[in-house]
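Each remark here refers to the structure printed beneath this line.
By written order: A, B and C. Residues from 1 in each chain.
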Amino acid sequence: MTTAELVRALRHDFGAAIQSVEEPVSDKVRVAVTPESVVAVAKSLYRDYGARFLITAGIDSRKDRDGFDVDHIFSLDKEQIFFIVRTTVPSDGPHVAAITPEVPAAAWAERELQDLLGVKADGLLDGRRLILPDDWPEGVHPLRKDIKYGDWPPLGDGTGEATYPWKPAPEGTSTVVVGPFFPVLEEPTQLRLYVDGERVIDCDYRGFYNHRAIEKMGDSELTYNEIPFVAERICGICGFIHSSCYCEAAEEALGITAPRRARYIRSLMLELERIHSHMLWTGIAGHILGFDTVLMQTWRMREPLMWLCEKISGNRKTYGMNIIGGVRRDISRDLYPEILSVVEKIEQEWAQLYDAVQGDTILKARLVGVGMLPEETAKALAAVGPTGRGSNQAIDARADHPYAAYDEVPAKVITHPDCDNWARVVVRLEETLESVRWIREGLKEMPDGPVMATDIAETVPAGHWGVCTVEAPRGEAIHYLVTGGDNRPDRWRVRAPTYANLQALPSMIKDETIADVPITLGSMDPCFSCTERVEVVNMRSGEAETLTHQELLTRSRAATERLRGR
Amino acid sequence: MIISKLKEALICFKAGRVTLPYPFAPHDPEDGFHGRVVVDAEKCVGCGGCAEVCPPRCIEVSDPDPDRRVLDFLLERCTYCARCAEVCPEEAVTVTKEYETATNDLNDMHMHIEVFMSTCRRCGRCYEPPTPLDRLMVTGFRPPTGKSEEA
Amino acid sequence: MARAILEIVLSLVILIGLAPLAEGLLRKLKAIIHSRQGPPIIQPYLDIAKLLVKEDLAPTESWMWRVAPALCLGATIVVAMLTPIGGPPAFAFGGDIIVFIYFASLAAVAIILGAFASGNPYAYVGGSREMMMMLSVEPVMTIALAVAAIKAQTLTFDGLMASPVTSTPSISMVVAGVAFLLALQAQLGKLPFDIAEADQEIMEGPFIERSGPGFALFRWAMHARLMIFSAVLVSVFVPLPNLGIPVLNMVLTLAVMGVVLALVGVVDVVNPRLRIDQSMAYYARVVVFVSVLALALAIVGH
């Protein structure tokens, strides 16, 4: 089905509800619909045309048309189409009908819309805060344009009380709180497990403790060419994915074509990143199970690759190579043999490791049949990456929406039907080998030429848009960009893969034991943000202070003295 | 199961000892490594191009009087992207291989450059941006200070 | 009298004093398998010395919290005096197998009580896991020792070491020895059975709130278990020839203990952690195996 046929079918079904259709680049469509019909259109896309929900982007457009734009982004994977359903709601007490009851994967996106844009989503079953802190005042929505970057409203309501409406514990269960500092991954997130003995009956999640407001920074502080470097810092492991995704989306919006060689270099770096990320993950998974030998050995195998990346880009990680229009650093032909020898050595050792762990019954005792994510749940919640592919969902941005050089050298999509933690391990192990194959093919096909586009326009028109997905090792990352004045985007929407996958966690750990929760969470390769400082918030005054190591120690000593009654 | 354990053990023993006795035997980086940047004050013409492109905005430019331009490199914020060296028209900014920059004294990470702007006073932006899009930044909006990195 | 005191001092030096060294050697072995440099062999001594001079931060005013480390190490020292190393134990009197088991369990109970006293939820989970492990591993050890006791018709290590049972091979003793070896992995808190401490799940469980001298005593007691239980395994179940000279017997025993600990160390490195239900099911099978096979064989006299 082409976009034209799809739009014709929708016009037939919904008539005048379809207000306008834009298709600036082929197979990327944005359709404006009336607020009343948005749920019906979304439902029809999801149910009748097999569209997969990606993310919702809310845009504060009050200065242009006195309203908020709500863009629901869908993907038709087989047809390689991006389909954006836009509806504009009036700026006075904005609210829109929630699509979550019909499209379950939209749950977090619509909660986020309420938090950050203040557009109320009517009909959400769970309309609690997702991102804003407990003591954040009502009515202050950070992504609105009248809030400046760095503004900090007075916190709390003066009573010193700020609580989160946690789900009540089911009958006959006790509550185990894990976090806000999550011990296994050493990252800020909180899980409340409602357990009966060792068995998890239900759970509740609260995260975004270290939200960095990067989207806000992007549309109010940074310039187009600074964003790739900040985007790369969204994730410490798959940073290049975010800078590539931003650059591809921005190039599309600005009408720039990166040279072929630059696109091959992007793909090459993305595959190198996938290999080292999967190797890192395999080590971490071993570590979570107490199998530190796996950690040490996979990281040993990974190290030559890190040195190779350092040689190619100048940096071990967070390469800083991407920029709108191409890449900043070319790869010398003299390096090709070294790249090949490093990845082929990895291929050989990885095959040995894969062979060894396949027969390891003790390891499998912890993985097989644990953390089940049934196919229909994975589909409904739009799980991506190895989490989805481990549940037989053939979703891979490299095949669904080819970017960089994947249109010329395709990558094989690897799926596994078992839906458990072991399936996700196998998918990653095989993908590592597949990435080595891609690099071998890609280096063979890599053309010569410039790595930077020269036909870049002097001015950037406002109101253009671009959307791109890039397959990160954890799943698919999405960047949606709407250009603005001031040499910066009007809206830059980012969705990292963990955002989609984490929503599947409650169903994965249901009926498992507490001991299996870390590895099940680990099996989706979650990526929260990290911090190494301690921030203490005085609930009464709302003041925050940062404690150094010494101050924290002093307080602990004082507590000991007090307890000992000295 | 035993065979698989033996295979795993074989992988381990075949590798031998691989870690380096750092810091007694440091690992020297390859050419092209992005280490700490240094600025040759003799070559600097004070164009401020480095400050314009620096993504973490760690270079602060000020003009205390018409003849003097001051560049402060606050390298504790540096992300080692080497954009400054890339755009510098005079090759005054160079990237070294120095990576052991941990310090207890922040002043170790600060560089203070004063340039006498006797010949280039009026233009102020005498560098050639590497891409046409970069040229946009010449007219682009910049906040008055670099105080924006704390979220 | 002087000789008895000398023997006690000698066995304490070996079983308690050298225990951190054994741990250091195991860490080195682990490092070799991990392809890395690893810490110096004396690192456990340095760790203990460092912890001893650091401050003891307390999360609670409970007296149980304060006495638990001393109780654990004290019980371990008593166990060390009762442990045979190639010959009769230093501090010998009638019925010492039962006293040995009693004090060995007391050391574990001290860990559990200290954990419960801390009030930390992770320590609580760790303490209850430790308790479940104890309940499933102690029977294996007890039955294995009972097999030896039935064979030798005595309840003392004195009598055991003097009897031919411990120096001549027999089927029931081999089966009991294998069972004891399987139990050793869990007794020493090594993978795949380090479930109670489970660094990545519950962050060292019972010890999460520990710092300073209290933690040092616990650590030392844990290291001493390495020596004590391997000494019992080798002295009782490995049929070593009697060389006639007690010191030579002791050296031979220590050498075999080294082999046993290396085996434990390798198993520790090449395995992931099992779940508590999986390991309890595993030890339930081992118990059935020894109690049926070894006990029956011992009773009919093989």
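Definition applied: a contact is a pair of C-beta atoms (placed from the backbone, for glycine too) under 8 Å apart; a residue touches a chain by one contact, two chains touch by 3 or more.
Predicted model, so just to flag it, every value in this text is computed and none were measured.
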Check: From the centre of subunit C, which chain's CA centre is farthest?
Finding: B
Next item on the list: Name whichever of A-B and B-C has more C-beta pairs touching across its two chains.
Entry: A-B
Check: In whole angstrom, how far does the Cα centroid of subunit A sit from the Cα centroid of subunit C?
Finding: 48
Note to self: Nearest whole angstrom, what separates the Cα centre of subunit B from the Cα centre of subunit C?
What the structure shows: 55
Item checked: Centre distance in Å when subunit A and subunit B are each reduced to the mean of their C-alpha atoms -> 28
Margin query: If I count partner chains per residue in subunit A, which residues reach a count of at least 2?
Written below: 293, 297, 300, 362
Item checked: Interface hub residues of subunit C, defined as touching at least two other chains -> 33-36, 270-271
Check: Of all the residues in subunit B, which ones touch at least 2 other chains?
Finding: 5, 8, 12, 15, 18
Margin query: Which residues of subunit A touch subunit B once you look at their complex with the stated criterion?
Written below: 149-150, 211-213, 217, 221, 223-226, 229-230, 233, 254, 256, 293, 297, 300, 303, 307, 310-311, 313-315, 318, 320, 323-325, 328, 349, 352-353, 355-362, 452-454, 456-460, 486-488
Next item on the list: Under the touch definition given earlier, write down the residues of subunit B that touch subunit C in their complex.
Entry: 5, 8-9, 12-13, 15-19, 21
Next item on the list: Could you please specify the touching residues of subunit C with respect to subunit A in the complex?
Entry: 33-36, 55-61, 121-122, 125, 191-192, 194-195, 198-203, 269-278
Notebook entry, point to check: Once bound in the complex, which stretches of subunit A touch subunit C?
Noted result: 176-177, 183-184, 198, 286-294, 296-297, 300, 362-363, 365-366, 513-516, 518, 556-557, 559-560, 563-565
Checklist line | Residues of subunit B that touch subunit A when the two form their complex | finding: 1, 3-5, 7-8, 11-12, 15, 18, 29-30, 32-34, 53, 55-56, 79-83, 86, 95, 130-137, 139-143, 148, 150-151
